[in-house]
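Per-chain numbering from 1; labels A, B, C and D assigned in written order.
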């Protein structure tokens, strides 16, 4: 449902065109210095501005309304709210009758008997990731104090790994009223040995759970990932080179048996091309009961992958903080 | 940890060389006809016997000790036990001192302060998946009564998608004391529209969670998966062709916005080459504090991917039953 | 932590003197007609106004910011916010140094290393129950549509069960700068047979869990409760009189084996006297390291039990809705 | 459902006349010395033998089948099995047609559509508490190493607090084919300040949750409990006498604001008289559709309260260990 985590628990809420979106973070250790400013850098990265992402201006200003006192976390649930600005905008009701391909319009209509807030995708909107990013910024701050650093970046757009080609690829997508997919790679450095809990809370299990919650994610792989399916054991196995568990190679992506092994955690996620495209698409119309042409209005990201790195970092950070807290619980004393 | 699910809850336990492994399934609806025989077909598929999988003979006979009465499930927790046969076998203590590359030996030693049962990987052993497969067989029986069918198969071994090449590839791996990876594809047919729960319990999130719990899995993708990162929106979007949500194509793999859309769910998982190989590997030795050659004894699967299809089916079935039960809870009446 | 429930999940947040308190309700079935007005009657009952409760004026106006669209629930998380009005009021820092007897001041200071928001008890304040009451109002609306009615009332104050004595009892408590406890009884009518889930989610287990979350509750009993410890089986056992499970008596309070039996659920809760009293109390002072006299300023409820009925109803309603949703999941079809 | 706990997780399974009952304990820290012998003292106390408890002989021998290696816990799930001995005994099918007053026979029949294992109450049997007691013995061992001691005893039988009267009271109950209720008091000493998690995981909330899971419990109270409802604040408030939080009195039972305050936790539970009595009771017969006399065969406890102390200790110990592990997670470092 809309909550994740065992000790560090993140609950998100809101709809694209509702009054507010937000996040409640329960299980935040007390005494962490925190203000809205700590969240803004990551929120700005999500909002982006790079070509290929929506130019729509929204404040995205976080507002902490509980859980912080005198500039520090209190140990009580930390709630962060964001105002939506376009709550009165336009008529989206045609999305129910004529659902957009690749979107949640159709499934939401069926699942919620037509009561879903369909405006801009409602609760299925990517705007809901604001709360994840804010929670991630806090989580990264906690991890940084333990020497753990998380960073993600786009490594491929439209199948092309050459960064210098990307702006042309995106330009062409926009020109042709189309969109393109991409790959995001994320790395966590400084991770101690022993995070993750067998059997069902392996590092990959919990991380992929959050990553696949991000709209538009189609694939997740760790270390060599899908390439490892074509490898031999003698190639894939990482030989251990010291007593801290460092390995000569890192085909495993920092995880053995679902537990962190002291090397960098490395994973990649495949992001599909933005579903909203400005070209006409044929799709079923519930009013006419026929397949009819649909034209989606408004401006949209040509490459949603560009926004994903900071969300992927958030997913990783939230997961790792939870594992860190759990590990302390089980630690021998 | 070792339990998964919201209403249909699966808890696994046991170690490779302990006395028993098993599973407790809580939340099984009452009145389902069930005996050990219903589980054997899938357990046999897991045990395999195909070239490339361990010839080791173990009974793998399931023993239901609670939750079934007069041949039907009772609604109480259903417990299935399996005996381990090789509980007294040999000396594995060198695995602590000289951890195997690609295995959990090192991380388990650190995580559990040396108290882990290291014999055969202990609780990290693939043998623990017996319980998942048994739970999956029950879940598939429940789904079958609703018209849902789940099936998985190996689609690639060692990078080769031609089935007729596989036995040679495996033969060569065995001859060269090596192992090979593979790809498994799974499909769920007859799935109704509307399964999955936003935001963090999307179909992909929950499915990947279980799939990445399976030892040796390195990647998971839905529909076109990683290939979609190189596609355009106009290629990737599935146009809806009727009021039931059927689409002309299925690039999405049956899921939009994290919710089933009425088309087949399709996903693929990348399985790394078996970590245990008979060739000598250099790796750190805690006794000598040096990198030393390690020779792993015993016979091992040359291609662990061959065992994975039935486990992937189990993961999918367990997840879908849970979603089905949840949906009934939320359904409008 | 700050979330409760399996399918109908209630998360509360906020502090007494923070900016807002609120509640997120996840798992609300779509299509329930709902506006702020539906919540006000119960919120008014909680605010009270009866002699013996705080005269402090606060708007307590609920503000729904997500999960409702076009006057109906959407199936997405429903968030309700309340503004705090006295966020700048006064200096409470002495509560850290000189903790109030019966309050959380001391334990919060230790638990959160002094970072807790100590103003007015912070997150431990009874003000946090606003969210529970709002969630309860929604839950009661859902239950009403199934023919289930929940009602609670005070049955004893200061040990006196005669209602006509109460105003004198409270008057005297106020005059003597003291406070009094009370008993609240709650009844749920129209409950179907079969709610509750063995073993750890019995009706009593889950209900008491929520009831003991309410500040000031010291005891919970079902049916004859503590009196049953002095009874004989022949007195206590309720004989069944028809095929619907109705019984001639209701010593069990509507629950057998942890499962509803079709009779009214009846429980009572003991509420301690308000901890804040206007009389001087000796208690430890961390500044002087001595036991020193403490005078608590401000006006306080003389009998907090008067506010508890509507909160007890909320606890019961939230629990029963969750059980109703779970039962649908497991129902044979 | 049948699992409880956040980090220290206890799952029970089994039926009275099934093949086995048992418990899986997940989240046990590694490195605790443990054998079956550590469990036997508590299991013997539960079996009892005192007049008033069933003379039925059952081995109740625990069998650890996972999670212990070389005499220590491994960190993996710890599974303990118990054989049932009377699995073939007699015909209980009349319990479906003619449900026993005070028992789960009727509700289980309805809830599970008649598929419940009705023999001896099936999964609702008190025999299921074997697993709780075993888990409790382990939990108490963990707590003892932290200086925490838990002990419970019967303080009243049939309304009489004089221990020297009890054997006569029980004798008379047996002679008159009847049963009697009782009160059990439990105390936890050496508990540190700060256990428990607001808002919904207060100490009382979590403890009562487990206590009300124990069959036959009708009431739970902390500290002065129901008596506090007749007290004044000036009587009830515990003045703090030192910097460790020790109080001059302990009316609160060791808990303020739901958090342990460093004083002994004290609670009492009301146990109803055994439902199975040898006297004839009128109750509904589904075969004849009339209220008919029912005679319950077999020998039964005259006072089930006598068995409850060790189960109450288990409930307390399981809860406190979980809180201890959680606290370590959140502790400032």
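What we mean here is this: a contact is a pair of C-beta atoms (placed from the backbone, for glycine too) under 8 Å apart; a residue touches a chain by one contact, two chains touch by 3 or more.
Quantities reported herein were computed from a predicted structural model and do not represent experimental measurements.
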* Asked: Between subunit B and subunit C, which partner chains are common?
  -> A, D
* Asked: Count the touching C-beta pairs: is A-B or B-D ahead?
  -> A-B
* Asked: Farthest from subunit A in C-alpha centre terms, which chain would that be?
  -> D
* To do: Provide the C-alpha centroid distance between subunit A and subunit B, rounded to the nearest whole angstrom.
  => 25
* Between subunit A and subunit D, what's the gap in Å when you average each chain's C-alpha atoms? -> 44
* Centre to centre, by mean C-alpha position, how many angstrom separate subunit B and subunit D? -> 37
* To do: For subunit C, write out the residues touching at least two other chains, lowest number first.
  => 1-3, 6, 12, 27, 30-31, 75-76, 111, 113, 123, 198, 332
* Structure fact -> The residues of subunit C that touch subunit D in their complex are 1-4, 6, 12, 99, 101-104, 106-108, 110-111, 113, 121, 123-124, 128, 156, 158-159, 173, 178-183, 193-194, 197-202, 204-213, 215, 217-243, 245, 247, 252-253, 256-261, 270-277, 279, 281-284, 286, 289, 291, 305, 332
* Mind listing the subunit D positions that touch subunit B in their complex? => 1-3, 9, 11-15, 18-22, 24, 26-27, 30-31, 65-67, 69-70, 72-79, 81, 111-113, 115-117, 119, 122-123
* Residues of subunit B defined as touching subunit C within the complex -> 6-7, 27, 29-31, 75-76, 198, 325-326, 328-333
